[in-house]
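What follows is chain A paired twice: with chain B in the first complex and chain C in the second.
And then the complex of A and B:
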């Protein structure tokens, strides 16, 4: 039987509609492919190419030589130590402060719009520019931080010039830098909590502190875990906080190598792409392991709850 | 506990939510705070709970001024419309929470929680979380959480409005049973007159923030103070015939029909009134004063619901099915003394 025109139209439309969604996705998919997937895969391969030359793209043989070099490099071991230190300080400190600040911002404060703007300002400023400002604030002789400390009778601290203070300087700046985004996430989590629960708890006789720990924090827990994971990942990649603070050096006595700084150094300064790739993979494994542990703990907690 | 509301007023900015509201609730009573949506009944509940401060007036608990008492000192149990169970706690933890706050020792806490859980029939659900409960079960848990601290006053905010029809009937009876078992003074807010009539000892009916009438359900039904009370209570709703009093008789507004009833004797000549008839107040009587035409008849089992045309207006009447009324019949209707009211057409005040 001869098919009607509308039937043919419908079939061709069907055929097209099967292709159509992919056409929409194509431009973005190409971008991901070229600038994310290809580099990721390439880094994995590169890390196993010994004596890789980025100019000729030649290498002597496949192997784990790059990893041996990296893991035996004192600088890299130091960088791992520093980075872990940084993560374990910045993530808990910034998350705790952010919970308190978000909680306060979520109250019906006067000028709360003003407060919110003030707290979120760091997010729209460049880390490098802000880092330079912090450099000035940390200045041993003229910086405002030492000036404020002098009110309490504290002698000037060589934040950026003494090795023993440099990590503290980096962590303080890092916490400040990561706070706004953390606060935004937690604030949105807080706003998702039904205010009736607070009323119910108050009628049940609970005071603010108990309501905070028994109602607010448990209900905020999913958001807290999200924040922990995001902040852990971003703190592992610490570099843009470090770079402007010490004029591009890894700390006053080259004592503040972080993993990303090491990777950049290997690639840009020494032009050892294979080493850089191997270091990047090691960093990835660290982040992966941490995230897995967090997800595992979260799942346990959520099930327990 | 006796609860006294003394000229209680609440304003939100320019909006008067509750105005000059006075009433008294006796110990152990189950009181329905009834009224249409937005009439201020939930505001009164929130003022009793101490969540919303009163603008003026007083709240007395057993004679003691509780107007500015913080919520936790009032000894009230509050059940929210959406239950507001803590989603991260189990049923048992939810019920225990008020006791935990009061620092009741753990063993006693568990014992009391289990007792109350048995009372509201959720003892098998203690390990579950609120998300794993049906609406009716959540309601029971919410009541248990409110009751576990032995409140002096139990407040229920639209407790049945989130339940489906069958469950609503069941929970209605459950609330009555639990209230009678515990003997706690209970106020529940509702906009459903049937609900209020069926379970409460007393109804407090309000409109636009003001008290209309309070009393036992029968009193409000059979002796309404004004047209609003008569309109609000009863199913089917009362029928209002608009008219004027002329020479002791009731004349429809457009003059299409009139009826002489003794009850209009004392009403001022020329007064614009509303003759309100409950469906059960009319009956067939060959000598009846209202000459009507049957518009339609609906079977209701033993009785029939007839729509009767009087002049240009219609009203409903329950007629015994044995009479075999058909549409188009011309009948005479007499009125019982019960369920027939005359209201002032302007003010709605009861005249007869």
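And then the complex of A and C:
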């Protein structure tokens, strides 16, 4: 009798231990299932539902109509153009500045805690709140930026009011905003470089600048590519940088439409979810293509070495 | 002698360049704080006045009267605290299962999760918005917490730490009669404190600064969080930049304090690719 009870306990325990792992995963899996996996699948389907109504959830037929509408929409083409423009400016500029800053911060310095605090501050603060401070600084009449430029004899610039300067204003703010994150990644990349490389170069009598370009940069390349990829992805989603600068509008003359703005307007204003879904998919395809190209180039470079 | 001289010049250049850059990075904050104390005549002066004439809190008082910033602040705190607590719970359990427990399909599931890490949230917004409306949470605070309870990135960080814990610890705990649950909470979690602190900090920052999502799902004044309430205030305040800067200071200051307090943990977490992208 006793032995049977012992056996029963063991099997029930075994049965529990088979279920147990799933109980641990359950809360996490539910969140992913409901708010990541299902939405991804759903947005793909939704993008092929023509004339989708968000009220009835009905649609007329399956097809690529939403994509046709989106790609033929001047506003969307403009949004893609602006977004690409922003990405192609912000990513290279921020990465090059960050390489230099990270290199300097990586020297054995006094006050390095102070420097780090200063350089990393924009990372922890709300983009939309600091954006308002930038808006004040950019002000054409009273702004501090135009005042500082006047020291050099530059006439007041309508940073936020003239269409031709608005992209520059956005890019400067965008670079400033993304710098901390970029510097941190590159700094940790630099710290992972084996100091032996430098010792060997010094012994060979190489100059600092030569060491920087022949040793530091090549050894940092994997990190640089990682940074490029992450920053490209986040720059494609530009929205929160734009919002505070122009009082919620995409540029002074709606000239800085970006893809995320387009998605938002399609959803909230015209209530065309199918259009929004198709635009989101196109955005994803762009991000995906850019990432793949970067990975491909990276592999080529690594092979050549 | 000559060598030392040149080295000093180089040093000086490094410090000078870094200091100049640091000024550019900090300047917008200086300008925000300085403007927050200016009177409306001081702020409209040209050439601009560098510092306010007096450190009066009048602008803060007016801003808090014109818009319910106290309420926004409370909402932000509530959302941040609940989000951090719930996410930490699901992350700890998930990371434990994916590192210590064995079950069929575990590794396949984990790679599937990793591949989902690059999906931009903007792609999920459309469906998540509908989901929130369907379950009746639209314009309610839980709408700001629920979609973010499971973060693959945080789980990945914690799993990596859990995996570095030697197996022998687990088996000796089992021999002493501790089940998985006890082992996780009594041994693993206390050991993982540095990783957990990083996760909690990153999560707190993300929650506090979140803007896009609250803008979609929150409409009534009572339920706005700070960043969203602040943007609405830009139209409410009229052309009163000094009030706007006072309000922005309230949004920004808590996170600056947090950063000064826990810089190393935050930087360590960000260095692993978190926060942006």
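We take it that the second predicted complex is superposed on the first by the 283 of 305 C-alpha atoms of A that agree within 3 Å, B and C clash if a C-alpha of one lies under 4 Å from a C-alpha of the other, contacts with A are read in each partner's own complex, and residues count from 1 in each chain.
Throughout what follows, a contact is a pair of C-beta atoms (placed from the backbone, for glycine too) under 8 Å apart; a residue touches a chain by one contact, two chains touch by 3 or more.
Owing to the predicted nature of the structure, the values given are computational and were not obtained by experimental measurement.
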Partner chain in contact with A:116 - chain B first, chain C second, else both or neither: second
Which superposed partner A:215 touches (first chain B, second chain C, both, neither): first
Chain A residues touched - chain C or chain B, whichever exceeds: C
First, second, both or neither for A:153, with chain B first and chain C second: neither
Partner chain(s) touched by A:194 [first = chain B, second = chain C, both, neither]: first
Contacts of A:28 with chain B and chain C, given as first, second, both or neither: second
Chain B versus chain C as contact partner of A:203, first or second or both or neither: first
Partner chain in contact with A:185 - chain B first, chain C second, else both or neither: second
Contact footprint of chain B on chain A as seen in their complex: 194, 196-197, 199-207, 210, 214-215, 218-219, 221, 305
Sites on chain C touched by chain A in the complex: 10, 14-15, 17-18, 21-22, 24-26, 28-29, 31-32, 35, 43-48, 89-91, 93-94, 96-98, 101-103, 106, 109, 113, 116, 118-120, 122-131, 146-150, 152, 155, 180, 205, 208-209, 211-212, 216, 226-227, 230-231, 234-235, 241, 244-245, 248, 251-252, 255-256, 258-260, 263, 266-267, 270-271, 273, 275-277
Of chain A, residues touching chain C in the complex: 18, 20-22, 24-32, 34-40, 42-43, 46, 54, 101, 104-105, 107, 109, 113-130, 132-134, 136-137, 139, 141-144, 147, 176, 178-181, 184-185, 187-188, 208, 226, 230-231, 233-234, 236-237, 239-240, 243-244, 247-248, 260, 263-264, 267-268, 273, 276-277, 280-281, 283-284, 287, 291
Sites on chain B touched by chain A in the complex: 49-51, 71-72, 76-78, 80, 82, 84, 86-89, 97-98, 101-102, 129, 145, 149
